[in-house]
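Okay, structure first, notes after.
Naming follows writing order (A, B, C and D), and every chain is counted from residue 1.
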C-alpha cells in the first residue's frame, strides 16, 4: 500500500467509523464481525506508525476538510503531542480489541454488535482528537467520543449501569457544553482564532484576569481530565465491562482529557502566558489536592476496579500538574506520563479482568494467595504497579522524574512534596495487592474451587502491555524526543 | 409569469383549497395538496434567488400603486421564512396520507387537507404582504384553519385545547387589530413601507406607543412567548400528529417574523428600543422562558408535551437573540428560526410515526422501541442532539452564533445562561433515549414494527437536513446574515 | 374641556371593549366567552368607524354636489373584520357543541378538572400494564 | 350600550344573554348609521343581530341555558382589564379629536378614494369601489376566511351516518310544523320576495349600500327560514349538502379566476381594468363578478353552517332516542 500520508491520516479517522457499517452488516456472523474490527485496528495502527515515520523525516502533514463556520474549519495536522497520543491509542486499541473479543465471548454478552460499533466510533473520535488542528475540531470529536462511549458504559442495561451512564454523560456532556464550549467561544472572541499555535494565540495586551477565568473554564470544562470536583463520572463508569474500563482509562477517554489540557495549555495559552496567569497557581494546587485525595480514597476501596479508578484520577492529576507547571520539563514529564500511565494502567485493568474471568473475584480482600494459581497475571500486575508508582524497571520512573524536575525548576516546592507523598501513597494502595496474592495464605474457600490461569487471549494482551511498560523503561529515548520536540516544533501552517 | 411570482406564492395554495372540495377523493386530494405545496416551495425558492440577486420585489395587487392599493413586498427576510415554511409543509405532507388514514375518519380527510392548505395560505399571506391590514386578514385565515385542524385530534382534549387556542388567538388578533387601527389613525396609511416613512413624525405621541404595545402583545400571544404560552402545549399535544409536526415547525416562525418586521422595518429600532425599554423586557422574558419551559418539559410524561414545552423554550432563545438588537443577534435569531424548524419538524414527524405504530406518545410506551423501531428512534436521537446543540448538528450552529452575538455585546453572564439552558435539554432528551434503548419492551405488548417508508423518508429528509446544515452552514448563514443586514439597512 | 368633547366618544368605546374583554376572561361559561369576544370586537369596529367619521360629512356614496364624505376606508376594513368576527363565532360555537358532547359541560372549570382527570386515568392505566 | 354590555356580564340565563347580545348588535348598527357607515350598519345588522344570534340560540338549545356561579378569579381579570383599558385611555390623549376633518386619516390615502374613484372605477358607492377594487385582495382574503369557517364547522359538526330512526326525527318535525300552519303559508309566500331582495342587494351594491356579502347573508336567511319551518330534511331536499359545498368552493374559485384572467390579460392579479378594452367597463365587469363570487360563497357557507348545526342537534336527539 503506498497511500499518501494525508490519505492515511484521514483514513485513521474515517475507516473505524465506516467499519461500523461492515460490523452491522455482518452482525449475524460473529467471526467475520470480529475480523472486521481486528483488521480496522491493524490498519489504523499501521497508518499511525507510517505517519510517525513520516514525521521523523520532517514532513508536515495536514488535512483541511470543510469550513463549518466562517474562519473555523474541521482540519487536522500532525504534531508531536498528538503523535504520542495517537501512537499509544492505536497500539493499545489493537491490544484491547483482541482482549475484548476473548472477554466478551468468555462472558457471552449480548448486544455485542452495538458494543463493537461504538468501540470503533470511539477510536475514530480519538484519532480525530489526536490530530485536531484547532479547538473546534477537537471539541467536535471530543463530544463524539463522549456520545459513542455512553452506550459502552451502560452496556449491561441494568439499573446500576443506567445510573452510571447518567452520571457519565451528565458530567462529561454538561461540563463540555457549559464550560468547555464557553471557554472556546471566549477564546474565539478574544483571539479571533482557534488554531493551535506554538506559543499561544492570545494577543499580549489582553487582561490576564479574563484569561485566567477562561483557563479555569477550560480546566473544569475538560471533564475527561477528571479534575475534582468533576471526577465522579470515572468511578461511576466502573459498571462497564472490563475492556471498556480499559479503553476509558488507558486508551480513549481520560487520555483525551489530559491530552486536551496539555494542548490547551501549551498551544492555546503557551507556557509563558500560562506562568503569569493569576489562576494557574490555584488550579495547580487543586490538581495537587486531586492527586492526594484520590490516592487516599483509593486506599479505602476494597473493590479492585474502584481502587484502580481512583488511582487513575490521581495519575491524571500528575499530568495536569505537568501541564500547569508551565515549564518545558514539566510538559515533557506530563506528556511522557500520558504514555507511561496508559501502559501501566491498562495492564492493571487487564489483570483485574483476567481475575474476574478466571477466578470470579472483584474484591481486593479475596485475592489472598491467588498468585500461586495465576502467577503470570499477578506478576504482570506487580510490574504494572511499579510503573504507576514510578520505580524501575518500569517506564513510570522517567515521567515521574521529569515531573519532579519540573516542579523543582519552577520552585513549586509544595507540588514537589505532594508528588513525593503521593508516590508513597501509590505504593500503599497498589503493592498490597500482589503482596496479598503471593505471600498471604490462600483461604480454604479459594482452594476449594480450582482456579486456573486466565484464558490465553487475555494472557497475551497482558504480556504485551507488560513488556511494553518495561521496554519504555529501557528505551525511553524515542518517546522523550517526541515529548521534548512538542515545544520546539514551529506550528504547522493553518487553514489552507 | 415570473413577474407574478409573489402573488402566486399565496394564490396557488389558496386556489388549490376549494378545488380539493371538488376533487373529493381523499387520496387524490392528498396528491393534489402535495403538488400545490411543492409548487409553493419551488416558487419560494425562485423568489429567494430573485431577491438575493436583485433585491426587494414589489407587486401591486389590482394594479393600484401603494399606498392606495395593497402591495406585496418580498425582501430577503420574508423570502427566507417563506422558504422554510413551504419547504417544511411539503416534507410533512409526504407522510400525511399514511398518518391521517389512522388518525382521522375517512369522510373528514378531504376537509383536513383543505384546512391544511388554507393554513399554509394564511402563513404565506402574512409573510408576503406589505399591507398591515392584509396581515390581519391572513392571520385570521391561518388561525381559523389552525383551530379546526387541532380540533380534529382524536382525544376529546383536542377540542378543549382548540377552544382555548381560539379564545387566546382571537384576543391576540383583536389586539393586533387595535394596534393597526391606532397606527392608521395617526398616519392615515396601512401600507408598511408608507407607515415606516410616516411613523417617525408621530413617534413621540402616546398613541403610537400604545399602538406598538398592543401590536406586540398580540403577536407575542401568537408567538407563545412565555408567559403567554398556555395554549401551546395542549394544542400541540392533542392535535393530529401531522398537524403538530407542521405547526411546531412553522407557526411560531410566522409570529416571530411579524415581531421582527414591525419592530425593525416599521417602527424602527430607534423607536422600539430607545423610546421604549423593549430589549430589557424581551431579554428577561426570553431567559425565563428558556429556563422555566425547559424545566417543565423535564417533568412531562407525554413526549409531545416535552417537545411542545421545549418549543416554548426555543422561542426563548430566538427572543434572546432578538433582544440583543445587534446585527449578530438578529442573524442568530433568524438562523435559529431556520434550524429550529428543521429540528422540530423531524422530531414531531418521528413522533407521528410512533403514534402510527404504538398509538401513543407516553414515555412509558417508548420502552424498547430503540430495538423495534431503530430508524425512527435514531431520528429522534439525532433531533434531540440537535436540540441540545451538539456539534455537527444545526443546533450547535444556532447556539454558536447566539453566544457569539451575546459575548460580542459583552454580556458574559448571559452567554453562560444560554449554555446552561441547553443542559436542561440534555436531561429531557436523555430521558427519552434511555427509555427507548435501555428498557425492555413492555411485557404483553406485541412487538412493534418499524414505521413505514411514508414516514421514514420525510423524517430522514429532515434529519439529514439537520446534519447537512450543521456541517455546511454557508447557505443558511449567508441568507440569514443578508436578511439581518437588510433589516438594519431599513432601520437606519 | 375640548379634550373631553373631542375624546369622550373613544372613551366610551374603550369602556365597551374592556367590558367585553372582562367577560372573556372572567366568565367560565363558554358561550358567554364567545359573546364577550363579540362585544369586544364590535367595540373595536366602532372605534375604527369613529376614526373615519368627519364632522358634517355624509355617507361615502357619491352624489352630485356633495363634497364632504366620511372616510370609506375604515368602513371597508370593518366590513372585512365583521366577516372575520362571524367566522370566528361560528367556529367557536361549533367547538362548544362538540365540547358539550364530549364533556357534558360548557363550564371552563368543570372541563379543566375533567381534563386533569383524564391525565390521571392514563397514568393509572399504564401503571396497570 | 354600556348598559347592555354590563347586563350581559351579569345575567346568568344564557337565552336572555344571547338576546341582549343581538340587541347590542342592532344598537351598534344604528351607531354605524349615525357615523355614515351605512354598509357596515347593514352588515352588522344582518350578522351581529341576525346570523350570530341565530347560531348562538341553536347552541344554547343544544347546551343548556343556565350558567354556574362564576367561580373565577375576577380580581385578576379585573386587574388585567384595567391595565389594558388604562393603557388605551392613555393612548387616546394624543389622538386627533373625534370627527375633526384635519386628522391624518382624512388627508393621506382616503382623498383619492373619495375624489378619484368616480373616474377611476365609476362606481358611486366608494365603499364598494375600495372594497372590490382598490383593496380587492382584502376582500378575497375575507371570502377565504368565510370559506375556512365553513370547512371548519363542517369538519367539526358533520354527521357521519344518518341516525337510524330517521322517521322519529321526521315525526318530531312534522308534528312541530302542524302547529305553525299559518306561519308556514306566510313564510312560503314571503321567501320569493326575500330572495328577490337578496338579488337586488347583490347587484345594486354599486350604487347604494349593499353588495355580495349582505346579499349572501339575506339569501341564506331565506333558506334558513325555510329550513326552520319545514324541517331540515325538507330544506335538504331543496338544496343538497354536496351542492352547497360545491357552490361555496365555486365562489372562491370565481373570485380567483377573475384574478388569473386579469393576469393573463397582462395586468397584475385582480387588475380589472384589463378585463375589457375600456378600463371603466373592465372595472364594472370585475366588480360584478367578484361580488357574485362573494355572494355565492357567503350564502352557501352560511347555509352549510346552519345545516351542520341543526343536523347535529337532530343527530343528538336521535342518539338520545336510541339510548332511551
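The rule is short, and it goes like this: contacts are C-beta pairs under 8 Å (C-beta built on N, C-alpha and C of every residue); 3 or more make two chains touch, one makes a residue touch a chain.
Remember, it's a predicted structure, so these values are computed and weren't measured experimentally.
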Farthest chain (mean CA position) relative to chain C: A
Approximate Å spacing (C-alpha centroids) for the pair chain A, chain B: 45
Chain centre separation (chain B, chain C; CA means) in Å: 26
CA centroid of chain C to CA centroid of chain D, Å: 15
Distance between the centres, which are taken as Cα means, of chain C and chain A, whole angstrom: 67
Two or more partner chains touched - positions in chain A: none
Two or more partner chains touched - positions in chain C: 21, 51, 73-74, 77, 80, 84, 87-88, 91, 95-96, 98
Touching two or more other chains - residue numbers and ranges from chain B: 133, 137, 140, 144, 147-148, 151, 178, 184-185, 190
Arrangement of touching chains [line / ring / star / complete / other]: other
All touching chain pairs, where touch follows the definition stated at the start: A-B, B-C, B-D, C-D
Parts of chain D lying in touch with chain C, wherever the complex brings them together: 1-2, 5-6, 8-9, 14, 17-18, 21, 24-25, 28, 31-32, 35-40, 43-44, 47-48, 51-52, 55-56, 58-60, 62-64, 67-68, 70-74, 76-78, 80-82, 84-85, 88-89, 92-93, 95, 97-101, 103, 105-106, 109-110, 113-114, 117-118, 124-127, 130-131, 135, 138-139, 141-142, 145-146, 148-149, 152-153, 156-157, 207-209, 213, 298, 305, 308-309, 312, 316
List of chain B residues in touch with chain C within their complex: 133, 136-137, 140, 144, 147-148, 151, 155-157, 159-160, 162-163, 166-167, 170-171, 174, 177-178, 181, 184-185, 190, 301, 362, 364-365, 442, 444-445
Parts of chain B lying in touch with chain A, wherever the complex brings them together: 385, 388-392, 397, 399-400, 403-404, 407-408, 412, 415-416, 419-420, 422-423, 426, 430, 434, 437-438, 471-474, 477
In the complex with chain B, residue positions of chain D that touch it: 87-88, 90-96, 103-110, 112-113, 133-138, 141-142, 144-145, 147-149, 151-156, 158, 160, 245-246, 248-250, 252-253, 256, 259, 263, 267-274
Chain D partner contacts - residues on chain B that touch it in the complex: 3-4, 7, 11, 14-15, 17-19, 21-22, 59-64, 67-70, 105, 107-108, 111-112, 114-115, 118, 121, 125, 131, 133-134, 137-138, 140-141, 144-145, 147-148, 151-152, 178, 182, 184-190, 198, 202, 205-211, 213-214
